[in-house]
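A, B, C and D label the chains in the order they appear, each numbered from 1.
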Amino acid sequence: MKIMGVGGGAREHALAEAIARSAHSPEIYWVSELRNPGIYKIVKATGGEYALADTKDAGRIADLAVKWHVDMVVVGPEEPNFHGIPDEVERRGIPCIGAKRSLSIIEMSKAEMRRLQWKYNIPGKLLFKTYQSYSEALRDLERYSETLTWLQNVALKPARQAGGKGVKVVEDSQIYLHAEKQEFKERHMRWLEEYMEKYSDIEEKILVEEKVWGPEYTLQCFVDGRTVVGMPLVQDNKHAHEFDIGPETGGMGSYTGRDFLLPFITEEEYKRSIEIVEAMVKAIQDVTGEHYHGFIAGQMMLTEIEGPTLIEMYSRLGDPEGVNVLALLKTDIVDIFEAIIDERLAKMKIEFSDEATVVKSLAPKGYPDFRSLAKGHPVYVNETLIKEKGCKLYWGSAHLGLDGSITTGGSRLIEILAIDESPAKASQRIEECISLNPVKLLDGWGLFYRSDIGSAEMISRRVELAERVRRLYKYREERGTLGKRIDWLPKIGRVDPVASLLKELSFRR
Amino acid sequence: MKIMGVGGGAREHALAEAIARSAHSPEIYWVSELRNPGIYKIVKATGGEYALADTKDAGRIADLAVKWHVDMVVVGPEEPNFHGIPDEVERRGIPCIGAKRSLSIIEMSKAEMRRLQWKYNIPGKLLFKTYQSYSEALRDLERYSETLTWLQNVALKPARQAGGKGVKVVEDSQIYLHAEKQEFKERHMRWLEEYMEKYSDIEEKILVEEKVWGPEYTLQCFVDGRTVVGMPLVQDNKHAHEFDIGPETGGMGSYTGRDFLLPFITEEEYKRSIEIVEAMVKAIQDVTGEHYHGFIAGQMMLTEIEGPTLIEMYSRLGDPEGVNVLALLKTDIVDIFEAIIDERLAKMKIEFSDEATVVKSLAPKGYPDFRSLAKGHPVYVNETLIKEKGCKLYWGSAHLGLDGSITTGGSRLIEILAIDESPAKASQRIEECISLNPVKLLDGWGLFYRSDIGSAEMISRRVELAERVRRLYKYREERGTLGKRIDWLPKIGRVDPVASLLKELSFRR
Amino acid sequence: MNTPGILGIYPFGLGRENWRISRFVYYGLLALQHRGQEASSIITLGDDLHVESRRGLVEDAFNEKALLSIPGFIGVGFLSSASNDSPIVISSPIRLVLVGDGMPLLGKDRQSAWRAFAELLSDEISRTGNSLKAAVKLVEEVNGGYSFIALTEDQEMLAGRDKYGIKPLEIGSLGFDLGAIASETSALDVLGMDHVLSVGRGEVVRFDPYSIERMRVRELPNPAYCSFEYVYLARPDSILNGIPVYSVRIRMGEILAKETPATADTVIGIPETAIPFAIGYSRASGINVDLGFVTTGRRVRTAIKPSVFERLMGVQLKLNPIKSAVNGKDIILIDDSVVRGTTLRNTVWNLKRRGARRIHVRIGSPPLKFSCPFGVEIPPPDELIARSLSEEEIAEVVGADTFSFLSVNGLSQALGLPPSNLCLRCWLGGVKS
Amino acid sequence: MNTPGILGIYPFGLGRENWRISRFVYYGLLALQHRGQEASSIITLGDDLHVESRRGLVEDAFNEKALLSIPGFIGVGFLSSASNDSPIVISSPIRLVLVGDGMPLLGKDRQSAWRAFAELLSDEISRTGNSLKAAVKLVEEVNGGYSFIALTEDQEMLAGRDKYGIKPLEIGSLGFDLGAIASETSALDVLGMDHVLSVGRGEVVRFDPYSIERMRVRELPNPAYCSFEYVYLARPDSILNGIPVYSVRIRMGEILAKETPATADTVIGIPETAIPFAIGYSRASGINVDLGFVTTGRRVRTAIKPSVFERLMGVQLKLNPIKSAVNGKDIILIDDSVVRGTTLRNTVWNLKRRGARRIHVRIGSPPLKFSCPFGVEIPPPDELIARSLSEEEIAEVVGADTFSFLSVNGLSQALGLPPSNLCLRCWLGGVKS
């Protein structure tokens, strides 16, 4: 059996590893833009081949699959989905684990995702507005107190998934700092407009979404077009630095708890979350007429407005969240892939080992916002040491040269995984490992990572936060006001922002 | 029987009237500096004579008594006492109702009075200091927070009785207004020093006394050298204007309650007050070896420190307080005078009618502090109208010219008395009388008086104030700390200002 | 809301000209600062008249030390929340300067109404030659809810109140030297003065160098004391018309607890005005009271700031929730009044963010629905949330569990006066003129 | 009492240079104003370093609007109650600016001790080339009770605490953009930041343009958190070392009620610090709590004013008694601490003047008897009334019925920490060095 993978990050390293674990003993083929040292080793060990290519080039990827006579293709990252790799591969008759282009729109266009959710009235919604230009957005945002209340505290996002970049949350609720915040919002929206110029596949440039607060978690699932199977919840940590400070990254580390849950998420909340994802899958299939085969993930937040709330969707596994769940997956992943292709997931029993995991990313300084600084540094890794300390290493954004040297790719370089009975213990194990400096950049450039991820301190803070939020949404539930937002504006009177949004959406249709 | 009176104010008018009421039907003779129209009328009606003279000239007054062959002399005001009129009159063999010079020192020297009280440890004392010059006083007062606490809130007084003039109370407890208060204190003390130059009979110029707060009242008494007989309490009102605002005057009006008491003074407090006056009389007699024959009065205040407290003493009746009590006196005053002379007051029953009285003074504008403005204005009075309204008129500082015209003398011109079942009713009666303008200055110069004296509003405020103070001194009494003052100064430690004062006094002796 | 603070200080007797009065006015105004934060004036009269009008808070507008150099022994002070507000100066026929709280019904806006009033006063004094009678005549004839202090060229200080006694005016004295008139007793307290009495409704008090005289209009209607003074405007340590503001607010809280009880873990008042309401509610309900907020920076009265922006800013700096006082608790949140509801919504949201559970909002006054004819600047009706929404709807908008106002009867009961003796126009609309 | 407030704000990521940070520092300092009212500094770093040091309150020293023109995206703030206090600027070998709370034991006075510390830091960074290690080494070697924030020429911000954690230091974050360090969480709250954690004792946190790193000294002694922070210094909405100040003060009041009960009609706290104590006392005793005082003018922390005169002035403007709350009542009067007793005596006297009956004074802390080795400027021992008089004698001097302090055990209980984990030197004298 031959399986080809697409994509070169740590998530793909974990995927390759999981495939390699299969009882089917597949020959593994891989294609990515940089030569991932970890995947390369696995590919070589299985007797497969590794090619470098533009993973957005559907023809080129499909050609390779055909050339290698693979039995199935597994797509790791989102961009190949957006560019129709699954569509093209399947057109060539090869089954693919990956969301087709039209389905992956729920990740690619954050606006479309949200419109779909509102259209199908799926729980966990947020108010939003989209703009084609920054000046248009500004008109709404600069009128401080005459405008709808929710527009004061917003997330400014690129309307399209843009490599996890460009999201700013501006809570403009300290009016005495309004001038600074306003200026910052303006500058950022101008930047967003420019930044989005390079994506020609979407008209809307800027998404303004109501700002919510609460603990975040990721629910990753297998989908076969009929059934959605949830995996253990993972909490990813988006802030670049310790203490949840600093810019949004792809994820600086993540952890799982026990029993599919996180210490701050209840079973009922898990259930609601998976219902949301199921409903979203159903909706996108309904709209597109396509069957969703592959991974899907809801990046969720527990909010006071509705409890489990959808922040964004992934048409793939998360990174690093994928690393956590794949490490726990006991069922043969190739069996699962086959079940997805045959749309018989419902009948399958998928098992995960009931242990806690923690993953921490190591990134060269400069990541995420100044990647040129982070790129091209020679890497030294002491893999033996990592193994000795009971940890596992996954290669991320790194390139294995033909001379055997490894250089940084500019994104997260390495992810280190530990499994233990609690996140705190697993985290502590990684800390001990890292304190021995198993990874270095040979030119002296710095690496950074977050020591706090998975720590007891972090988890107790998340628990406290979740309790505060849960109290509020439970209370709304009791009163039947989940999701309800009512505003009253002097001179205007009572306003229902939900009704306004729905009106606008139907008008748009 | 021939009786001669000395002094020309409303108090003396009331005295003359009381004497005229006597069953002894005395011939009344009088001497004063201005020709009081009221007394003049009485004198004439009894067939007596009226002379104008300097009432501080003991020889001249005694000469007149001898010339007129009077059986006794009654002194009204304090200055004749200070100048030894009683001494001289008695030296000529005529009995006199009036404190001898050495006895009247308790009025004349406020410092001596206080020293006597401390020496004999008589209750109701205040802390004090005396100075011979303003610069000396300043040294103590300008050190705000390093000095004893009591020196922050003080009454600045001329050390000698000086016509009720020159008392300023400066509560320097708002430190943010300290600069203003300090400047004001300085200026006033400089003025005091200058003002006191004209009194050669005393070395100390300035008395600084601890400021106290509480309701004031006057306890007037007859004394015969053995027995002190108290009269009904009177409340005088020293402030020139409505609402207790403005400069200190001789008294702008006064009232009595029922049963010898005031609505805000208890029987027990009356008893304590009279004990204080008795002790003071005993003390001054002890020091001088003289017998006190005449009137004495304690100007009292209920204070938090000791309850009934002596503010000043009068060696005579108060004015206007004398008017109130004489109006109520049922016993023949000449009998009382005779009993005083014979020192058999103890055996006498002195009765007052149990009614409330109110006296209000009318003064020309300019009184008390700008008397030159208040002097020399022609007066019109409609006595019939006053009588019709159930009030009585007493002439004060006025001069009856030989042509029958009356001019103002610069002090309180007229006192109007009403008697009723309560002060409020009596006050109201006077109000109705005054609203008909029975008194005018013919040159258009203004008169003023206080409408609030004796009103229900005023009395309820006094009651409330008395309750607050009573609570505090009763509480001290309970704890045995009446009169105790303890201070603690940083760097210095615990200080007992009473002990310091006693030490200073004994050192002085 | 424009409810100026006025103050007059007048020395008597020997050495009266020795007083430097400017800083007395300054400190007196400080104690009235809550009545106006946009304009402040210090007027002194000695050999000359000095009128110093500045913008902003007294402490910012005047340098307390520099004031020592302003001469004059008679002083008048004025504060307003309208930055263009200033004392009225009339130069003929009788020269006088006048400051006023509230508004005589003589013009569209405060400034023009007071100018007309001052002109009439000047004319009338000139005509009759008696300033006291002239002022009483005006008070008799001019309707409105107002009090004023005027200083004439003859060193006479006149202080008077409208016939209904709508706006307050209180009298104080200091030692044997000073008399004073102020909008509230807080100013008298801070100057170390004894509070004596209120100026009566329809009464004028005149201070001249040698006397104080007072006179009242002949026919006195029932009083109609401004109830909003007790709800919000006045400082809690003030005693107006003989009624202590603090006790009234405590009682309002107590009555509120009886009228609209709720189950909760703690009662929290929105600083500073509503803290006594909360204490009262706590007493009557037996529920603990907590301090819920800490104020940052200057104490600024938010309801009287001119723009929405500034108001919100004030509220936010004023209301940092104390997390440990609210986290995990059901809260009864008390405010004095509700205007637009914006700040209340912000506050409720902030409390929930810090972990509050249920929030029951209770307002210590009836629904604010009408504008004030006497210049208390309440926003236009379409900006008053109580005018357009029911209690249930307001609860929904502000995010509260339940929401209730005090009844008008409850208000009257707390004040210990029948509704017929109160001005209730802002709650009930124009009843009397 | 000199307990400076320090604050650092550091932006990360895309567009970090777009932040104008000066007003963030300004508002953050406003929320730390209670820690120092005589000197304030705003330091910004962008293309250049700007150090603006002024005298007086932040609101007076800086024009909030004019701050918009100060460039720089990294900001540090400093407040002190010593008017000559200012940030330490070192120009070589490594250029850096440092602000500190408390005091390292490196010199006689705060200013020279901090200068020595900053010089050592500059030298050590230059020697090792690693600012984080350099700072940790210093913290390891230099005794004292201190926390600091330093900004180096390489745009590194270092924030650290002494080994015992005597002085507080807290971390916050805002959105995806800003990180901050402040003496108290109140500053984080006012900036709309999330409070994350405390800087650990003996820990240094380094912010650089691309990362945050933290490192701790190897051997950690027991903590010795400054107990005076909880008694008086910190704002009640702050959470220091994970312990909410408000709750501690409530508990102190509760314990006080148990340790020294009294019969009374009402419990009154001296504003602003002692109000939570009063609430706690009221809860534990079942006696009503009342607001007893109203503050006039600016809120000024009186205990940190330099002269007796200014302190008294502050107290007087701060403490106008509400007559109707005290008249005719037996009162339990609570204050946080007693230094000279002057202001307490003044207050007791004022309450009695307004009609209070019995006054039982209760102090929410033990007798203050010793000076602070870490720069909290407590007056010399002969000016501390608790050092020379017994409770009975103090009662007599201040005019109180009874007078009691909280016990040291009570204090420790209220904090939920054993005495061995607290710095108690001001109450008990030097125990550890």
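We adopt the following convention: a residue touches a chain if its C-beta (ideal position, glycine included) is under 8 Å from a C-beta of that chain, and two chains touch if they have at least 3 such contacts.
Just so you know, these numbers come straight off a predicted model, no measurement behind them.
K.L.:
Decide which interface, B-D or A-D, involves more C-beta pairs in contact, and give its chain pair.
P.N.:
It is A-D, judged by the count of C-beta pairs in contact.
K.L.:
With centres defined as the mean C-alpha position, give me the chain A-chain D separation in Å.
P.N.:
43
K.L.:
If you average the Cα atoms of chain A and of chain C to get two centres, how far apart are those centres in Å?
P.N.:
Measuring from centre to centre gives 57 Å for this pair.
K.L.:
Which whole number of Å gives the spacing of the CA centres of chain A and chain B?
P.N.:
Centre-to-centre distance between chain A and chain B: 95 Å.
K.L.:
Do you know which chain A residues sit against two or more other chains?
P.N.:
173-174, 176 - these are the residues of chain A that touch more than one other chain.
K.L.:
Among the residues of chain D, which ones contact at least 2 other chains?
P.N.:
Chain D, residues with two or more chain partners: 27, 190, 317.
K.L.:
Taking touching chains as linked, do they make an open path (line), a single closed cycle (ring), a hub with spokes (star), an all-linked set (complete), or other?
P.N.:
other
K.L.:
Note which residues of chain B are touching chain D in the complex, please.
P.N.:
144-145, 149, 173-176, 178, 213, 304, 467-468, 471-472, 475, 479, 481, 484, 486-488, 490-491, 493-494
K.L.:
Once bound in the complex, which stretches of chain C touch chain D?
P.N.:
27, 30-31, 33, 58-59, 186, 189-190, 235-237, 239, 244, 246-247, 275-276, 279, 282-283, 288-291, 293-299, 317, 320-325
K.L.:
For a test of understanding, state which residues of chain D touch chain A in their complex under the given definition.
P.N.:
12-15, 18-20, 23-24, 27, 64, 68, 171, 173-179, 190-192, 194, 196-197, 205, 208, 210-214
K.L.:
In the complex, go through chain B and note every residue touching chain C.
P.N.:
Residue list for chain B touching chain C: 165-171, 173-174, 176-177, 179-180, 183-184, 187-188, 191, 238-248, 365-370, 373, 446, 448, 451, 457, 461.
K.L.:
Which part of chain D faces chain B closely enough to touch in the complex?
P.N.:
Listed in rising order, the residues are 308-309, 312-313, 316-317, 327-328, 340-342, 345-346, 352-355, 357-358, 379, 382-383, 385, 388-389, 393-394, 396-397, 401.
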